[in-house]
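Each of the next two complexes has chain A plus one more chain, namely chain B in the first and chain C in the second.
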Partner chain A sequence: MSIGQSPVRQDAAPKADGSIQYAGDAVPDNALHAVIVFSGRPHARMVSMSTDAARAIAGVVDVITAADVPVNEYGLTMLDQPALVGVDHTGVAAVDGAISRWEADQIAVVIGESRAAAGAGAAALDVDWEDLPILGTIDDALAPDAPLLHPENGLPTNAYHPLKIRRGDLEAGWADAEVVIEGTYTVPHQEHAYLQPEAGTAYIDDEGRVTIEGGGQWTTEDREQVAHVLGLPDERVRIVYKAIGGAFGGKEDMSIQIALGLAAMRLAERGERRPIHCRWSREESIVGHHKRHRGRIHLRLGATNEGIITALEADVTLDAGAYNYTSNKVLGNAHLTVSGAYRVPNARIDSRAVYTTTVPGGAFRGFGGPQGAFAIETTMNKLAAALDIDPVKLRLLNAVVDGDEGITQAVLPEGVTAVEVITACAGRAAFNEPMADVEPFAPIATLPPEPTVTRRGRGFATSLKNVGFSFGFPERCEAEIHLHGDGDEPTSADLFHGGAEVGQGNHLAMRQMTAEVTGVTLDRIRGHFSDTATSGDPGSASASRLTFMSGNSILGAAEEAEKAWRDGQRPAIGRFRYTPPPTESLDEETGEGQPNFCYGYMAQAVEVTVDTGTGHIRVDRVTSTHDVGRAINPRMLRGQVEGAVVQAHGYVLSEDLQVSDGFITNPRLSAYLIPGIGDIPTEVDSQILELADPLGPFGARGVAEMPFITYAPAVIAAVHDATGVWFDEFPLTPSRVVAGLRNAGI
Partner chain B sequence: MKYAAPTTVDEARSLLADNPGSRVFAGATDLIPQMRSGRPEPAVLVDLKRIDQLMAVSHGEGKWTIGAATPTADLTRNGAFSGMFPGISEGAGLIGSDQIQNRSSLGGNLCNGSPAADSVPALIAADARAVIASSDGTRTVAVAEVVTGPGQTSLADDEFIVEFEIDDAPANTGDAYLRMIPRTEMDIAVVGAAVRLTMDGDTVTDASVVLGAVAPTAVRVPDAEAALVGSRLDDDTLAAVSAAASAACNPIDDKRGTIEYRTQVAGVLAKRAAVIAADRAQNGA
Partner chain C sequence: MSLGKEMSLKKMSRTHVNCTINGDEVDFLTTDATSLLDALRDEVGLTGAKEGCGTGDCGACSVLVDGRIQCSCLIFAPEAEGRHITTVEGMADGEHLHPLQQTFLEGAALQCGICTPGFLLAAKALLDENPAPTETEIRYGLAGNLCRCTGYDKIIRAVQEAAVQLKGA
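Coming up: the complex of A and B.
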């Protein structure tokens, strides 16, 4: 029995003692250093760029510009971004490559004998720009006279990827509504703030492949994007992941890889074959990679006096920033989650992404779910308050069950466990009993508790999150297993898998599942991971999908290997490509379709204390309940829950990215405040339910995003419970809280 | 850039006199980040930590003498000092983290000139003095006179602080420093409030109220002090302290706190610090 146990991770000791090789550690002695030059212009057309002065600097080896780019376009889901902005580009691109659309559009790669030399070269680039209007907000971009940022998409506005839901009879729904709750919610950007900023090394390997060692979330997709720009077949590019210090969606898109690949390819052509290393500083990382989408959601919900939902109208706008990244997909997910895990008979939902000249929005743990859940769950909590119904009871009245249609008028995939999760969470949190006492509130080390002005409250939220890719994407995951041994049963095994170990522990989970199905003990399972030269297409470490997908690929590969074993093949090799039931994109007019094949269900109950004098909020207790189907490794699972809660804690309380006129003005961790150890919730109680998913390996679903999604609305509800004030906008910085309380006369 | 490590005050005096454009430093916890972010490099960096007098903490003749380069950890760990000046110790004990406090000095905290410097309000509330040396000799000024604006001091280029002097607190005196930051640690004060009270029974006989981070320099709040003296810290007095503190604010607006917020919370903290200082004055730290 290997699954259901919590053996120590193979990477625990080397991570603790520092011996593990992250991409930023693995710098060959003879490496050249690359500095990627950002435009520093939120919106401008390049008129000219001279590299002469840069090249003349001692130690500068070469300068790569748009003229070196074979195909000057890329993007994970749309090819709307130039690899390098420049005047002399190839023209093999639909997007205009001479325009910088955000401050971190890349314009050159300066390669030097040292980082200092490359930096000096970067500073010596001579660039002329013609500034264009800055579209710094959604409203700027939607103004009638706003210039189009992507005219190549043929749309008459900067809004794109419109999505609709038209369900039931809305007029009848409003007629049945005895109470209506309406509000506009503003959701902020969030920075991933992974421990390890982007880093990598590129070289030409023994087989002549342009090879990039670094971090990422999906080896074969990285390869495809790099190969596209380099004008090479996929096989001529190799992606290898070193140890990855966190990703959270922030490493799903390209950052330094294309620049490094271009540099390695062009320098090799010019006879320079030394490896090239590039490492972003924290500032470069914060400025240079995408963020969780900021946006605005308008929501109107009608219900009977008993609390039964009769109608819902929602309008979702997300700021895509300069390029799409995965905005279309994130938007789709917000579009689905803005109606919650509820039966909504009559609905009209309109969603769109909007291009602006700011940092792109993209993948980040929850992927649109946190934005949608904040709006619907806050609305549900307001409805509970308006009707004076217990918020748990209100949810149980409306929660979807097996056999129900989702908001897209397709029956939800089997294994709907919203009711079980809500009930378990409320029970564990003793939600219908008085709150237990806590230690007096000492909001920060220096401020002693001030019981006369502290108030306590609790809040509840629930949601669902898809496991795996949605909307008709050809979802797949490949594995290969080799069984070895001299006797009747295999005694050791090799697992080849591309799945990215981004810190979540997936490589151990995969080895545990391999041990479970092959009968080989865990210590004799050797993993060979995340190298496109040796492993297949894993799909991404995202969408809470990797345990589910890699598990199913391993089950299939093990079965194939067993067959080969029985046929006498030694080593017995099994290869398998798992594909789940297909999904569909939504109908353009009605939103009908089956967008997903699996969901995870979750609920959270949160207790807070608010210092009404200083606006400080302490989260005393979080009950985070998850139906994970099957806990492959319970300890790592708890790590995911606690980690997601802490990350969400920063999202709702302190992380305040400032973007002004297209520039991020606080790109430092001293000014962008992620929670410290003293700020995180006093107690996080992870309640794990194992209600098997019919498709999941061993019944497993995913969990990585779920604990993030419901936290903000649960905290906002608890703050309301404590103070009587609703906050429709966060983060709840002390300034915002005090302003809100004073407005309400507190 | 050159580095020099004099071992006597006189050696430091002549180094500074002979090398215009030099800069003294102690823990360098402000200096190094500033140089890394592009501040011009000085001609000579003069390390003050090898001078014994600047690294000593002593008590005698009715006063404490604290070397200007002494790591603040030496103060917070000094039980006798912290017992007499819990508020100063609190301020010094808030600077950064344990690692930072093993380096950071009172001299550096003051002369860096940040309005948010955590040790400064309580030093001013205790009427601390700075002993300043240069090739011309030595002068002693009130700590309150040293900083003139953000990043600016009244020290001449060739002057440096040798030590701080703080007279023993009178009987039945207590001080307190409270700092508001958005998170619990490793952040810059949004508001700091130091209060020092001397009590006769329930009645305040002497009061100092000093705010940090709400104006270009740390500021005294005479109206709050006047409201306190003669009072028994009843609700009306505390409301007056709070209002006076808010009125004394002239803060910046930034990511950590809006003007409105800083102004309101200065009142909240001044009031809370007064209550703690009174308790310490009456019952000991």
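Coming up: the complex of A and C.
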């Protein structure tokens, strides 16, 4: 048995002794250094750019501009972004390449003998701009006179990707409603703040491929995007991942890869074949890559006096920023999760993304789920309070079960475990018993606790999250296994897989699953990972999908390899491409369709202490309950839960990205506050249920995003329980809490 | 932005630095404007210390300077003259990992690993000073280090476990 155990990950020792090589460490001695120049203009048309002064600086080797870009458009799901903004772009792209639409649109790549030389060259670029109106908010962008940021999409407004759900008889639903809860919820940006800023090295490999060594979340997708801009067939580009210092969705889209690929290709054409290294500072990273979407959700929920939901109307608007990135897909998830894990017989939901001249919104752990869950779960908690019903009981009254249709009028994939998860969580948290005593809370460590101003409360939330790609996006995962040995049974194996190890431990999980199915011991499983020259298409390390998808690809490859083994082939080679049941995009008018093939279900109970004097909040206890189907590596799994909870803790309490007139004004970890070791919940109790998923490998579902999704509404409910005040906007910084409490007379 | 221009145009004077790194006497050439972090990584070839922010906020670049935990990104390289520097590469005793390294890897107190060298050194500095810290003292001792993956709990447990092992040793 290899799965269900918690062996030490193979990269743990090199991470603990400092020897492992991240992209920022593996810098060849002869490397040139690239600086990527941002426009610094949230919205402006480039009039001219001269590189003469930059090129004249000692140590500047070359300057790459839009004139060097074969195909000046890219994007993970829509080709709406110029690779380099410039006046002399080629014109192959539909998007106007002369316009900067956010402060970090890239305008040039300066290559120097040193970083200092490249930096000096960047400072010497001579650029003239004609400023255009800044559309700094959703409301600015939706104003009738707002200029269109993407006229190439043919739409008459900056809103795009409208989604609808029309289910049941809404009028009848409202007629049946005896209580109505209505509110508008504002959700903030969130910065990924992976501890390793973007870094990479590009060169032409021995087979002439433009090769980029760096970090990312999906090797073959990175390759496709780079190849598209470079005007090359995919196989002329190679993507290799070094050790990756965190991602969380923030490395799903391109950052430095295209600039590096362009530089390596053009310099090689000019006879310069030294490798080119680039790394971003923290400030460049925060300014230069996408964020969790901010947005606004209006929700109206009707129910009977017994608490049965009769009607739901929701309106979801997410700020896509300057370019789509994955906004259309994130929006789709928010659109689905805003009705929760509940039976909602009558519903009308309208959602859209809106282009603004701010930092793009994109993938971040939860992918639209946290925004949707905040609105519906806070509404449910308000409903429970209005009806004086236990919030757990209210959820059990409405939770979906196997055989139910989801909000899109398709039967939910088999394995619906919302009731089991809610019940287990409430039991483990002793939600209906008095709270256990805790240490007195002193928000200012040097002062004694002031018990007269602290209040305690508890909150509950539940949701569901898709595992794998949605809405008809082609889902697949490829694996290759080689079995070796001289006797009857294989004694060692090679696994070739593209799946990205972003810190979560997937490479160990894949080796454990390979050991489990081949019978080879774990220490004899050699992994060959994340190089498009040797591994197939893994799909991304996202959507809580990689354990599920890689596991199924490994099961298939092992079966093929065993067949070859029995046929006498040595080494016995098995290759497999796993494809799950197909999903569908939603009907444009009714939202009907089957958007997903698997869900994970989760519930959380949270206890807090609020200092009503200072507005500080301490989270005393978190019970985080997850149906994971099967725990492949229980210790790493708990690490995912604890890490996601603390990331969500920052989201709801402290992380406050300031965006003003299109500029991020606090792009530093001194001013954008992620939780430190003194800020975290006192106790996080991970409760793991193993209710096998019918499609999952060994029954496993995904888990990486689930503990994030319900945390904000659970904390908000606990703060209400403590103070009687609802907060429909967060983060709950002390100043916001104090303002809310004082407003309520506390 | 003009600073960069001046730096490349003006020929920077090179400073000779002698110090002890991980027990070895080391000398290297650097400039007055180079951080100890960059000198360790680029001149000495020790890449265990990471740049997570460059502004002293995250602690990923932490090293011990004469036994005290410091952000190497905030120290100019010439300030290392005559000092004893310990980086993560100097924690193991030959093949034998330091008990902290061992408890971190066995307890899954690391995920992506970028913050790990800094946490290990901060924990070493703490335990060298206070061999039996309370949980609160551990949190204070590690308050200068950020981690975005683990949620910190397993780091606290790993330090507690290492403290027990070191006490027994």
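The rule we apply is simple: the second predicted complex is superposed on the first by the 744 of 746 C-alpha atoms of A that agree within 3 Å, B and C clash if a C-alpha of one lies under 4 Å from a C-alpha of the other, contacts with A are read in each partner's own complex, and residues count from 1 in each chain.
Criterion: a contact is a pair of C-beta atoms (placed from the backbone, for glycine too) under 8 Å apart; a residue touches a chain by one contact, two chains touch by 3 or more.
Everything numeric in this text was worked out from a predicted model, so none of it was measured.
Engineer: Tell me which touches more residues of chain A here: chain C or chain B.
Structural biologist: Higher number of touched chain A residues: C.
Engineer: Looking at A:R742 after the superposition, I want to know if it touches chain B, chain C, both of them or none. Which is it: first, second, both, neither?
Structural biologist: So A:R742 only meets chain B here.
Engineer: Quick one: classify A:S6 as touching chain B (first), chain C (second), both or neither.
Structural biologist: Second partner only, chain C.
Engineer: Quick one: classify A:D656 as touching chain B (first), chain C (second), both or neither.
Structural biologist: In the superposition, A:D656 contacts chain B only.
Engineer: Based on the superposed arrangement, let me know which partner A:G678 touches: chain B (first), chain C (second), both, or neither?
Structural biologist: Both: A:G678 reaches chain B and chain C.
Engineer: In the overlaid three-chain picture, which partner chain does A:T733 touch, first (chain B) or second (chain C), both, or neither?
Structural biologist: First partner only.
Engineer: For A:T521, select first, second, both or neither according to whether it touches chain B, chain C, the two together, or no partner.
Structural biologist: neither
Engineer: After lining up the shared chain so the two structures overlap, which partner does A:S48 touch, if you call chain B first and chain C second: first, second, both or neither?
Structural biologist: In the superposition, A:S48 touches no partner, neither chain B nor chain C.
Engineer: In the superposed arrangement, does A:T579 touch chain B (first), chain C (second), both or neither?
Structural biologist: In the superposition, A:T579 contacts neither chain B nor chain C.
Engineer: On chain A, which stretch or stretches are contacted by chain B in one complex as well as by chain C in the other?
Structural biologist: Comparing the two interfaces on chain A, one with chain B and one with chain C, the shared residues are 670, 675-678.
Engineer: If you look only at chain B, which of its residues touch chain A in the complex?
Structural biologist: Those in contact with chain A are residues 90, 94, 177-188, 190, 255, 257-258, 260-261, 264-265, 268-269, 272, 276.
Engineer: Which chain A residues qualify as touching chain B in the complex?
Structural biologist: Going through chain A, the ones touching chain B are 443-448, 450, 613-615, 654, 656, 658, 666, 670-671, 673, 675-679, 733-735, 738-739, 742.
Engineer: Note which residues of chain C are touching chain A in the complex, please.
Structural biologist: Going by the criterion above, the answer is residues 1-2, 4-5, 7-9, 41, 46-55, 57-58, 60, 87-89, 91-92, 97, 101-102, 104-108, 110-117, 120, 139-140, 142-143, 145-156.
Engineer: Touching chain C in the complex: which residues of chain A?
Structural biologist: Residues 6, 8-9, 11-13, 15-22, 24-25, 57-59, 112, 114, 116-117, 119-120, 122-124, 192-197, 243-246, 248, 281-282, 502-505, 635-636, 638-639, 641-647, 668-670, 674-678, 680, 684 of chain A touch chain C in their complex.
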